[in-house]
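Labels for the chains are A, B, C and D, by order of writing; each one numbers its residues from 1.
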């Protein structure tokens, strides 16, 4: 049973590693800023899963996992959500001001609104 | 006696799982959006219902069973409303398409 | 058999993440991300971390999805179709190789974890009695590492201040507009029927969180989702952000937490240490106050910066 | 018994995920939403089965949340859908 739990934990750890790579690629490579925010969330999910593997391997004393990494992941999920909300607000403001959702210099720049 | 409840659980649970498969097949094979929605809600309601029914005898405490039934009722409510919302969008889409 | 299940789950997660990266359809990517959040919740349940599974399902599958969908709708309105980002060919090979290397390195680290795994479970269980709690994760969050939770609450408030400060000057202190132009009838029905269940489940989560999986963050997220649903259906307008009661509610949770922390200096061993006799009622009290303030903060974070001028 | 329950859970998960996999690649936005809904209900059923298989009653709470929030994301989706793309009034910005 313990060998099986071990394998399952490292499986999710490896999945976390893959998700980190995919999320990073999305952040670096995608032209659409909203998609980059989604990529940031995938990256975060991957890191949390690696933590989850650590927690699962620390199962002892009748617990399913080590509670300390679990608590850190809960904190992390909430903070990542706050960061996402801030990024989305910045993006919406950018779109309202420039009429573009990317940082490429080629984007057309209409005259800024009077309310800006 | 124990064997009988286990058999009941298995039959219900497997029937529920097959309904989920039917929902997927309906989602893929039916010709238009509304009939796909119909297939989907059948799977939602009946599939989850059968699984809940099957798991009821396996619960350790009566409260666990009550919780299961509550989950099913909530799923009924939200699935019905979600279907209405989706159908509304589909109906408004139709004239444009 | 359970290993097969895990492999299927992991394959689904990676496939959905890849879909998010490669698809051209922006809204399809967001829907795939919501599905990703749901699957990830099941994954956390498989890792025996039910507390995390609850949080991930509520935030990853619920609130983040709504935040992104709203942002997508807003961008579709603001941006002229010809200015939308075209999928022009970019250099992708070098970033792909670099990201692949990161994955390989991280994977090697995962496989090279020390063999008798280090664990703080013994210490967590050993001191559980002094807190009066039964759920070690809640104990870590609100007793052993309470300073982390306190700082996290402050990060949430700071993020909200940041979001609000992105409003136009004229709208500062006003309310956000959540109500869509057309409200479908079933949405109104949903917003009338679902919130009572949501509030019940949230109260249950806080109550049960002391001894079983569940707790403040999960309950706060559910309450936030229900509040958003009500505002979305136009049953209640979003509150003006300058309302004193709202600001008091938002600051109340962390303020109470800090107050209890300093009380700990006076009557117990130091900052954020609780007197053993009343540890449990104290923790449950903090949780209740924090739940309300987390719910308010999360809902307003999703609602976004105010965009109507405040009533004079 | 736990083995067969896990097997059923795997089956339900695969059945609902297969629909998602195929629908996400083609089709209209609302059908993607329908597939996500199916995954929500299927996920709840999976969690209930797993909870019974591994004797973790707390998994029922996760299923409860899943059911509650799948309706929520459907509501969030209608928000973007119900507004015509080139609406004359922009609720987020003054005209």
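Following the convention adopted for this analysis, contacts are C-beta pairs under 8 Å (C-beta built on N, C-alpha and C of every residue); 3 or more make two chains touch, one makes a residue touch a chain.
Because the structure is a prediction, the values reported are computed rather than measured.
Peer 1: Report the pair of chains linked by the most C-beta pairs in contact.
Peer 2: The largest set of C-beta contacts joins the chains A-C.
Peer 1: Where centres are the averaged C-alpha coordinates, which chain has the largest centre distance to chain B?
Peer 2: A
Peer 1: So how far apart, in whole Å, are chain B and chain D when each is placed at the average of its C-alpha atoms?
Peer 2: 12
Peer 1: Indicate the whole-number Å distance between the mean C-alpha point of chain A and the mean C-alpha point of chain D.
Peer 2: Roughly 20 Å, centre to centre.
Peer 1: Quick one: report the Å distance separating chain B from chain C, using the average Cα coordinate of each chain.
Peer 2: Those two chain centres are 28 Å apart.
Peer 1: Residues of chain C that contact two or more other chains, please.
Peer 2: 2, 46, 48, 50, 70, 72, 74, 78, 184, 187, 190, 194, 197
Peer 1: Which residues does chain B have that touch at least 2 chains other than itself?
Peer 2: If we look for residues of chain B contacting two or more partner chains, we find 74, 77-78, 81, 85, 88-89.
Peer 1: Which residues of chain D are in contact with two or more other chains?
Peer 2: 33, 35, 64, 68, 70-71, 75, 78, 82, 92-93
Peer 1: Okay, in this complex, where on chain B does chain C touch?
Peer 2: That would be residues 74, 77-78, 81, 84-85, 88-89 of chain B.
Peer 1: For a test of understanding, state which residues of chain D touch chain B in their complex under the given definition.
Peer 2: Within the complex, chain D touches chain B at residues 1, 4-5, 8, 11-12, 15-16, 18-19, 22-23, 28, 30-31, 33-35, 37-38, 41-42, 44-45, 48-49, 52, 55, 57, 60, 63-64, 67-68, 70-71, 74-75, 78, 81-82.
Peer 1: Okay, in this complex, where on chain A does chain C touch?
Peer 2: Residue positions touching the partner: 4, 7-26, 28-32, 34-35, 37-39, 41-42, 45, 48-50, 52-68, 70-75, 77-79, 81-86, 88-93, 95-96, 99-102, 104, 107-108, 115-116.
Peer 1: Which residues of chain C touch chain A once you look at their complex with the stated criterion?
Peer 2: Per the stated touch rule, the residues are 2-3, 6-7, 10, 13-14, 17-18, 20-21, 26, 29-30, 33, 36, 40, 43-44, 46-52, 55-56, 59-60, 63-64, 67-68, 70-72, 74-75, 78-80, 83-85, 87-88, 90, 92, 95-96, 98-100, 102-104, 106-107, 109-111, 113, 117-122, 124-125, 136-137, 139-141, 144-145, 148-149, 152, 155-156, 159-160, 162-163, 166, 168-170, 217, 294, 298, 301-302, 304-305.
Peer 1: With touch defined as at the start, can you tell me which chain D residues reach chain C in the complex?
Peer 2: Within the complex, chain D contacts chain C at residues 3, 6-7, 9-10, 13-14, 17, 20-21, 24, 29, 32-33, 35-36, 39-40, 43, 46-47, 50, 56, 58-59, 61-62, 64-66, 68-73, 75-80, 82-85, 87, 89-93.
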